[in-house]
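In what follows, a single structure is set out as structure tokens and then discussed.
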């Protein structure tokens, strides 16, 4: 089985970290192909970056996805997931939905620790969209920029630990969801340290897609995820025209 | 006062119709500047088109908006509105939010008549996001492609009338919201025909933004609409880098 | 255009302040006619005052409204708005709905600063009714009686500032809504001081109604806002009989 | 124990029917005192009537309530209940809340059969306010004016039976709530006929208040139901001034 | 009238306390029959105990209920209530639903004080199920094991008082609901001490059932509470086979 | 990896069908151990059966689970899942949650086809509990008893097909969830026939648990799923005492 893991930002080192984590958890017959956005924002921090990372993501993913059995979007904003579901028939999931659904199996309530306050409203909207507006008690910003997570000396981990402590004390959270692909390796350390499930979305998403693909399930092509109507896009975006 | 009215699809005739409608309703001191997406999809019909119309929209709007007092996005998916709110400090609104908020003043309940079934889930998500999941009784697809609305011989109006009839009979709707910028001229005819408010978003949005601008109100720069962090986008999208 | 601005309490000085604020923001062709409740409670602070201010409001507004293009009810409880919508065909709005709808365009989340704790449940009910139970993070009582807002020496502004500070720190509010007509002049000062939109309902409502009237939109007469059935009221209230 | 049963409309025959039904179900030591609104609308059919029946209701009830152990408002719009809860310390309930709470004990889901479509939005708002927006599957209007329920030859019962049939077939309702005080005697006949609980609010409310009073429970005076602040109402309504 | 009051745990002293409290509030013609679970957990503290107390509860209640006019389940998890509603036609209520419904008559908002944190998610689920997810502001655990409530020297009351204080200060609660049958005697003391309604479920439930039975109302046998289909259970549970 | 698949009813043939389906989809290193409830109801059809199948389920599963890496409860009521999550530290999931979560990845909206109307309220409650009250458009009862699904000549499949057709036409469902473990083999046939994802919970649950276990994730032991407090159960249920 082939799973395409797409990083919608252009930071290749983050892609490599996601790929390593993903490869460590899939079955023996599953191959992870990781792809980095070929151009655009180096990190996704809020609505504006989010909007601009989708076309490069689609450009990278759609051709590669032909041979894939499932696609994971490695950004906690689940950027471009709906557009991809229209273009592909294999299962597509973002790491936010995957992590929240996993948390909903392992706990009654959870809090999310994400990077920056400016990202919080978009994540609250996702929590509502996915049905977790009651279980997700709070989305906490550690105020760590995404790319600081690439730097082991940034002190990011300590700040995240502080937020987890507050989530457990103040929010009534029974589990923690890490709200950024850049936190991909922190899950086990933090689970061990705090004695609660600390769920990371990249690995959760890869296993979810691997499972759905094994069941032969496809994305619905009825309704909102119907393939886009054939039409000719103009100018710079002619290459995106749905054939 | 200057209001920028942006059509996120590339169909200039639709922009002109919107501009005409908007110009007819603004105050004597308000000037409408209409802009058409410079490249990309000719119509927005579902998640995929939606994702691809945002960069051209941003590219057209952001520079022009410097002299504007408010911005209206003329697409019922409210495409790119959140990204624009991050980049601009003047009020920005999409025609879905404007129409639904107007309906909420004039009625207890309403139904939306939109173009295609594939657009419905995105609109249901907007209704929820804007807080109208209870008042908005149903989003009905007339199964009319967007560009058929440009063609007076397409029979689109008759199909829309049928759906309005069903909305009034079956949904308990007290008002109707027209769910596509391409329906911009139908509002008065249909209001008269059915004896209920039939609300069209382009004009509703222009008046909303005109009102907010007259009050000197700006988009919040705290939280989710904070200006994007300065960073260098790469490749084709370098030009979008938030300065 | 004529807009009727009705103060449902009997305090004429408050009406004059509202009228001044409203007149300053309308278009050159719009005239504000302000009316004060002819009898009843001098201020509306909770459910009991609310119930008793409606008949005088209706008595003052209904005859005057014949020449009006829209009506604004200048009380944050939106008192009597539904009854007026039944009697009139022009747009009618209360300042709570107007302010919250404005906040929903300018921010992802907001908190309300109102006068007294006893008013909070009624306002929470309105937030829910208007669809803002998620965006409205908290309704905070400054514990300032309404009429203290008439007195510049009451210290009311300082207390309101304290609550705004707490709303921004603790509630994750991106904007502030002033929850009493008596705070009508505070909007610009507080916006400037806190660097976030501080939205005041009287002016927001006047612009909303002005916009809807310019579009030729009327209140729906189908369903909940149908004109009252003709019947003869008895005794003291015979004069209210719907003709 | 004394329970005050107040009819907020002026139709004394309806009060007598309610009183008879109520008296038949209370305990041997409970006395029902029924009171009819001394002036105002003869029936409550929508928001306008609703607003105008509150002052006469308050005028009749507040003085009488001093000797009462609980108060029931016999109108399915629960008109004036919040204002009364502010003025009185004994339990006060409207027949809508009582009937819906009873239905929630006896069934998983219910539909309401009320009189006129114009009343439906106000009842939907109550269902939401009381927490029954999921269990209450639909509020159906039989299109029977309230006072037709006073007339055995009006054919009202047959029309109500039709709506109950549809509610059981189409809404998935497990129980029926009768949505008007004028239907007070229909409960047992219809329960027997349809083999499901058909719940009537006057009797449900009387038993609820009798129960709460027996427990020595009072309305909270903290927050929204705090006694109104002492102030002088002017003119015609001076007599309503909260002392 | 006969009301069966069932304690789903095996602690007979708790049953006796409930019975005493219940007997003190019913009408002169109502007899309380109290029954203790014949085997199983001595206290219900979380999902596991909850699951295991239902069969003994059913075994004790179903035969006895034949002569009863209504049944109360004296555990704040409302354990077994749905199963009993299927087997019996008389009204059945748990003390959580009864207490929350009473609180919704006497206040706009309430908080629950329960025993242990592990019980909170189940109670939050009940609050949602009964429609009180907005009014119920918080479910607070006093961290007092259930059986400590049997021991006057446990200091339980003081800890509960602390939580009530915090609920009134921090949650905006206007009333308090005691979230465990073991707190049955605390209601009046605490109401007096804090000057707000402190509602206890056993007595609230008994009065609710007494009221519904007086109205001749039965549990719906249509839909979810239909009598179980006749089938033969095997082995140890053959005795539970629905006949 | 070992996954324990537990059938909470006593029908061994159903267990075998589930086991076969599960074994066909797991990875090469995963072993399914299937267990049938040792006593109790032969099928779970509504609240009463549900309550009575939990103790045998716990009795069968808890000891066996010591060697397992995850547990699946093969009943669409997700019976006993919460109790098991308290007793075990490995991931536990029911087939309702698993199927609904899968549907939420593959579609915007879905309907459930279950067996009997009496089961519907419990499933609606689960849909709400899991956060799918908006996406799950309707839970449809085919009125096929559970054990008819064991009999290929019962005509059950045809009836289910009829309901799927109606769900696609009338509910706006983009995917179908099969709402009973007894429908375990129907998924692929029906997916092919209707051209939409038809999701079956047993296989979905097994893959979910396999995925979570591969990630080393455990059920939270903080809060609602904390291990039960040590206590001595009495009588027949002494053997269930949490050690």
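For clarity, chains are labelled A, B, C, D, E and F in written order, and residue numbers in each chain start from 1.
Methods note: a contact is a pair of C-beta atoms (placed from the backbone, for glycine too) under 8 Å apart; a residue touches a chain by one contact, two chains touch by 3 or more.
Every value quoted in this text rests on a predicted model; they were computed, and no experiment measured them.
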Fill in: Shared interface partners, meaning chains that touch chain C and chain F
A, B, D, E
Discussion item. Treat touching chains as neighbours: how many steps, at the fewest, connect chain D to chain E?
Written reply: 1
Discussion item. So, comparing C-alpha centroids, which chain is the farthest one from chain C?
Written reply: F
Item to complete: With chain centres defined as mean CA positions, report which chain is farthest from chain D.
Response: A
Worksheet item: Taking each chain's centre as the mean of its CA atoms, how far is chain B from chain E in angstrom?
Response: 51
Fill in: chain C-chain D separation of Cα centroids, rounded to whole Å
29
Fill in: chain B and chain F: spacing of chain centres that average the CA atoms, whole Å
43
Fill in: Per-residue overlap in chain B, given as positions that touch at least 2 other chains
108-109, 120-121, 128, 133-134, 172, 174, 223-225
Worksheet item: What is the complete set of touching chain pairs?
Response: A-B, A-C, A-E, A-F, B-C, B-D, B-F, C-D, C-E, D-E, D-F, E-F
Response to the item:
Within their complex, chain E touches chain C through residues 108-109, 134, 172, 174
Worksheet entry | Touching residues (chain side chain D, partner chain C) in the complex | 10, 38-43, 45-52, 54-56, 58, 80, 82-83, 85-87, 116-122, 125, 128-129, 145, 223-226, 228-229, 231-238, 240, 242
Worksheet item: Can you name the residues of chain D that touch chain E in the complex?
Response: 25, 27-29, 91-93, 97, 101-102, 104-109, 130-135, 168, 172, 174-175, 187-188, 191, 195-197, 199, 203-204, 207-208, 210-212, 214-225
Discussion item. For a test of understanding, state which residues of chain F touch chain D in their complex under the given definition.
Written reply: 120-121, 124, 128, 133
